[in-house]
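The structures come next, written out as structure tokens.
You will see chain A twice below: alongside chain B first, and alongside chain C after that.
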Partner chain A sequence: MSEVTSAVARDVKKEFHVVGKSVPRRDGVGHVTGKTVYVDDISFPGMLHLKMVRSPIHHGIIRNVDFSAAEKVPGFVRVLTHRDVPKNIYTILCLIGVGPDEEPVLAVDRVLYKGEPIAAIVAETEEAAMEAVSRVRLDLEELPAVFDVEEALKPGAPILKPWGTNYFVYEGHHCRRVRFGDVEKGFAQADYIIEEVYNTSPIEHAPTETTACVAKPEPDGRYTVYTNTQALFFTMDNTALILQVPFSKLHFVGGTVGGGFGGKVDVIVEPIATLAAMKTGCPVKFKYTREEEMRVSSTRSAWRMYFKDGVMKDGRIIARKVISYADSGAYNRHTPYAVTKHAANVAGPYFIPNVYIDAYCVYTNRQPASAMRGFGVTPASFAVECQMDKIAETIGMDPWEIRFINAYRNGDMRPHQKVVEDATLIEVMKAAAELAGHQLPEHLLKMHSWDREKA
Partner chain B sequence: MAKLRGTGIAAVNYPTGMNLGGDPSQALIHATTTGTFVISLSSTDLGQGLKTVIAQIGAETLGVPFENVLIDTADTDTGPHCMGTFASRATHRVGNAVIMAAKEARKVMLEVAAEELEASPDDLDTDGQGNIYVKGSPERKIDITSVALAAHFKYGRSISGRGMYIKPKSPVDPETGKMDPDSTEAHACVVAEVEVDTETGEVTVLSLKSAYEVGCQVNPALVREQIIGGAFMGMSHALYETTAPYYPSPDHAPGSFSEYVIPGPHELPHIESVVLEYPSVNGPYGVKGVGEMTANAPIPAIINAISNAIGVRLTEYPVTPEKILRALERSPKLKQPAQTGA
Partner chain C sequence: MASRIVAFNLNGRDVEVMVKPLTTLQTVLREHLHLTATKSGCRQGGCGTCTVLVNGEPMLSCLLPVEDIAGQQVVTLEGITPVEGLHPIQQAFFDNYAIQCGYCSPGMIMIIKALLDRNPNPTRQEVMDAIAGNVCRCTGYESILRAAEDAARRLQSA
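Take a look at the complex of A and B:
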């Protein structure tokens, strides 16, 4: 069904004992026989379960929350609201200087997306917690919501952020900018101007194991948190900041994850489960249901990308202007950085002498987006490669040839002013063409990535 | 109605690692009394095989058998800091940290062996099979267990090492976007072949043929798994997956796998790939990152193949049957069958 072969290129010397060898994966047998211990397999006597009271609307004011019926459910232990969270408003990248804080652990007086957590219910069983959640009476005043990235930036759109705009501010700018050469001059010189708009959808990580943790009080006054986070210290440090406890009070254990794909680098279940363990003195499990994983947890952000390329008759792209909008949903999570990574890659693996990029991180009333495999580059690669085919079609050139002509090579300057030093685009194209049985013309087969031929 | 075939290509780069506020990872190595080497980390294995490839890198640098190396991760009380497993960074960052720690531990191991063999440490080498021998006279050798026992009970030496790798912070220039956001670039080219059913709008991906250049491979079987798994995920993104089927409308959000459509194993296309190895300048044993990119390249290749098949350029994903049927209404290729009233 599938076949992958290796071709050793250049001067790789295979004189290693074990590097380069396909030794069997050590945890493979445990994974395929169901013996590997995941977080949901962990249980302790007296363990409580946490479930969230979530917003049923996309945008609204919280007038009142009535827990009186929930408190009567057998097995109900306690409720946690924003008043219980020491540093309720946070942003997960604060440890590396990204701000301002803007996401509540539990909503205060307003909800910005359907599914936003308003209160946590802790109960003796998962069923009792769910039953109590269903009996909480929410009095909400619905507000107009915005779901489209460009609508969100128009005057009159509902403003979602305390700083008064629906975009992340990059050092005083509306967006992450890349400026290289003179794009307008390039358009003026070009034989063709080729424009297109590309759209992608929000996507769920769909891990086999849903996001989960168990927080357990220890006799020495510390808390052990068993978690399937992709970033153990990052999650622990953020948890300590949110709970305003010394970092040494926490002990995080993990390392085995049933599918991450970027969906488990948010810090979502650990702070509130640890707080619940502190308040109750009992171990507390908080595990997302599949429905929460899909409708509440972060997604891959949706993107809209406007491309305008100036192209010469010989196929050279001499100017590219891209205006991109990332739909961050209601909060930052990791999207501000995804936009930066996108900006560094949306010109593609091609040498283009004039590039202008404005990449926006936009807030909407959608479940937050965050990190996902490919992180800002996935939409860039999609748009760039579809655009390459459009250029080829427009100017009447073979899709292989347009890519060879424009491929970046070692020594070229990329738009974000980093010199290319390990280009192999031409080499993989030659290898893929050969594998697919596509005969490339001689002048393309002669090309390589190491340096530019003299014109 | 007809079944239309098309071919599409995509060629992509993918950056290894990130650099936001500095991007470090650490490793600690120590030998037990009997010569098992424990590599302590706080890194996470997402199922991609990190624990295995890190043990391979550690064993190679130490010069001991793979079976002698254990990975102890992830516990914040015992494992030193790792930023986390994302951005195709783990093998690159953690691998470099492990090489540094292993070199330090290996130095002590050879010094102890030198005492036992009455030789200079500079004249010694490891055979990767559990022995340390005098270069040029391989019969003068000592096994790793004896060295570790001697280190513990005779010389009082700790066979251990500390390793740290950091990609330093490189702030983005807010005016020009000048930045150094990554460590190296991997590359791929995918050729997709599809068949489009013009009656149902359904797409069958017939084959994905690709070339990947990922630096040097630590474990070719695990690279192969990434390529096949990524091809499947990329195909799923291109054709099926969305949490907002009518984006930007939030309606019809799926809540289970019965509504959130992912292809089954029987839809796996024929996948063939060739892996090129051009060593990176800064990766451990020349590696680059293969984790994320394998899901990227198939998406535009498949969509370009569909555009090629139906004669209409598609500009958004997922390309659902509904979108294909609507696009077919604009297709010059289908004018003829439409007029004859299929």
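Take a look at the complex of A and C:
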């Protein structure tokens, strides 16, 4: 038994109430009986339904929107446009200091992606709302669109942002930068230079329950919002900012989420449904159709990552340069933050003395990307580990060995200037080898995370 | 078009509903009768969360105009849930952690009920074939397959 597993075995001999035991789920009986109440299971007498008028094109100018035919649909109640939204332009991460605001709740004079909301229609039934949406006449002027991160950065690309670039500006810089050591010197000393480009595709979270909320006016002047958001207070705060009401006006009820995976942390349905409840005095439900969930809700962002590594014959990586591009789609959502996380992690869990990283958050005319399970880091890990295998293959070294040699030890400095204090990679790899039935050679088994062995 | 009355048997009780033509059984269950155990993941036949039994056969209630089942027997998850405790399939789902977010669980339990009613001792492949139209985005299916096998054992020894 390895040191790690024996340490774990020692620990579980202690008596814990929960650790090491199977605990029945508190919500389990509700789930298997169908008694758990999901947002779409909630309805109120007199409840209205909201549906969005969406852009049919990827990029364009809104010349005119004509609601006259929509208003004649039986059951039509009212329309909401950007003029009705107190603070129409927002950015979700303003709560952690990300700016400037750049996404409209409802489009003003331009649309940047296919499916972008232009106006909301509130009606007595869902069918009436859909019917009214289909009768809205849009007069749009189509503009050239861009769908590739590197195309978007070329001179002459259609510019999507009011500040005049297609990238997010990080403290005055065109990308999130990490500089550590001297990467060019490292390349000059290296025995091998190993280059590769890695691409990942967008992924839709596809939760089984679609994004939804119900906003209900209360007699005391407050609004109760039942929602399946993954970020209840974050969503409440953003809703209050968008609607310019004190937080105390809103009571958010949630926690039951029919699958999220990061797809339900954007603040999308709640502000507009709450606004509709304010303007009509009625409870309002806004539930995405499956089509909206698949085509309009945010995805994991697509990435392109260029790696250049300088490697010594003995397997040490002595220099790594990475240029990464995240496709944020048309708006920020959570991607500026994903790019920062990416920049901090794309050198991998390995000690490399010379590192140079440029990570760009790029806007295109795709539907906005956002959070999904380790966003920013997941594509980095994919690229890093593919690259480690490529290095092993190129220099003719065992892929386990290359990782053991380069793995972080406690006390190592990471490229973004954080000292490693809790390294576990070597122990995890030993445990993984054991589980996979792979016999590691003695000299690797002797390694551990708390000290770097003298070569 | 005018609404009309449709009568059918739901969980052992006769019900009558007033519906417009082409109203689905799913809408009747969830919106007219407020029986929300039958879920609504796509309303286009793609997810299986709305599965109910009609005369013992599993059906996607989102694709089924309620007029088409006039006079027939419908069973939903509410109909197999005992007043106290759980149905053996529900218990097996609970004990095997075949639930994460739980949104697919009602449809999964109904499709497995339909399977076990006609084939009390299915192979793993037969369970996989049975749930092929039911999407679970959370569990990775393994725990659901285990729950189905466990449910078969429980029902046979009951």
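Criterion: the second predicted complex is superposed on the first by the 437 of 455 C-alpha atoms of A that agree within 3 Å, B and C clash if a C-alpha of one lies under 4 Å from a C-alpha of the other, contacts with A are read in each partner's own complex, and residues count from 1 in each chain.
Throughout what follows, contacts are C-beta pairs under 8 Å (C-beta built on N, C-alpha and C of every residue); 3 or more make two chains touch, one makes a residue touch a chain.
These figures come from a predicted structure and were not determined experimentally.
S.K.: After the superposition on A, what does A:29 contact: first (chain B), second (chain C), both or neither?
M.R.: After superposing on A, A:29 lies in contact with chain C but is clear of chain B.
S.K.: Pick one for A:21: touches chain B only (first), chain C only (second), both, or neither.
M.R.: A:21: touches chain B, not chain C.
S.K.: With the two structures laid over each other on chain A, which partner does A:40 touch: chain B (first), chain C (second), both, or neither?
M.R.: Touch partner of A:40: chain C, not chain B.
S.K.: Comparing chain B against chain C, which has contacts with more of the residues in chain A?
M.R.: When the residues of chain A touched by each partner are counted, B comes out ahead.
S.K.: Going by the contact rule set out at the top, does A:259 touch chain B (first), chain C (second), both, or neither?
M.R.: In the superposition, A:259 touches chain B and chain C alike.
S.K.: Please indicate which partner A:58 is in contact with in the superposed arrangement: first for chain B, second for chain C, both, or neither.
M.R.: After superposing on A, A:58 lies in contact with chain B but is clear of chain C.
S.K.: Would you sort A:290 into first (chain B), second (chain C), both or neither based on which partner it touches?
M.R.: both
S.K.: On the A-aligned overlay, A:394 touches which partner chain: chain B = first, chain C = second, or both, or neither?
M.R.: Neither partner.
S.K.: Determine, under the contact definition given at the top, whether A:206 touches first (chain B), second (chain C), both, or neither.
M.R.: Both: A:206 reaches chain B and chain C.
S.K.: I'd like to check the shared interface: which positions of chain A are touched by both chain B and chain C across the two complexes?
M.R.: Correct list for chain A: 24-25, 27, 31, 206, 257-261, 290.
S.K.: Across the complex, what residues on chain A touch chain C?
M.R.: Touch residues, chain A against chain C: 24-25, 27-38, 40-41, 43, 205-210, 257-261, 289-290.
S.K.: Show me the residue ranges of chain B that touch chain A in the complex, using the header's touch definition.
M.R.: Chain B reaches chain A through residues 7-15, 18, 20-22, 42-47, 49, 51-52, 55-57, 59-60, 63, 65-66, 71, 73-77, 79, 81-87, 128, 172, 174-182, 184-185, 187-191, 209-213, 216-224, 227-228, 233, 237, 241-244, 247-250, 253-257, 260, 262, 268, 270-281, 285-286, 288, 291-293, 295-297, 299-301, 303-304, 307-308, 313-318.
S.K.: In the complex, go through chain C and note every residue touching chain A.
M.R.: Its residues touching chain A are 30-31, 34, 36-44, 46-47, 49, 76-78, 81, 86, 90-91, 93-94, 97, 99-106, 109, 135-138.
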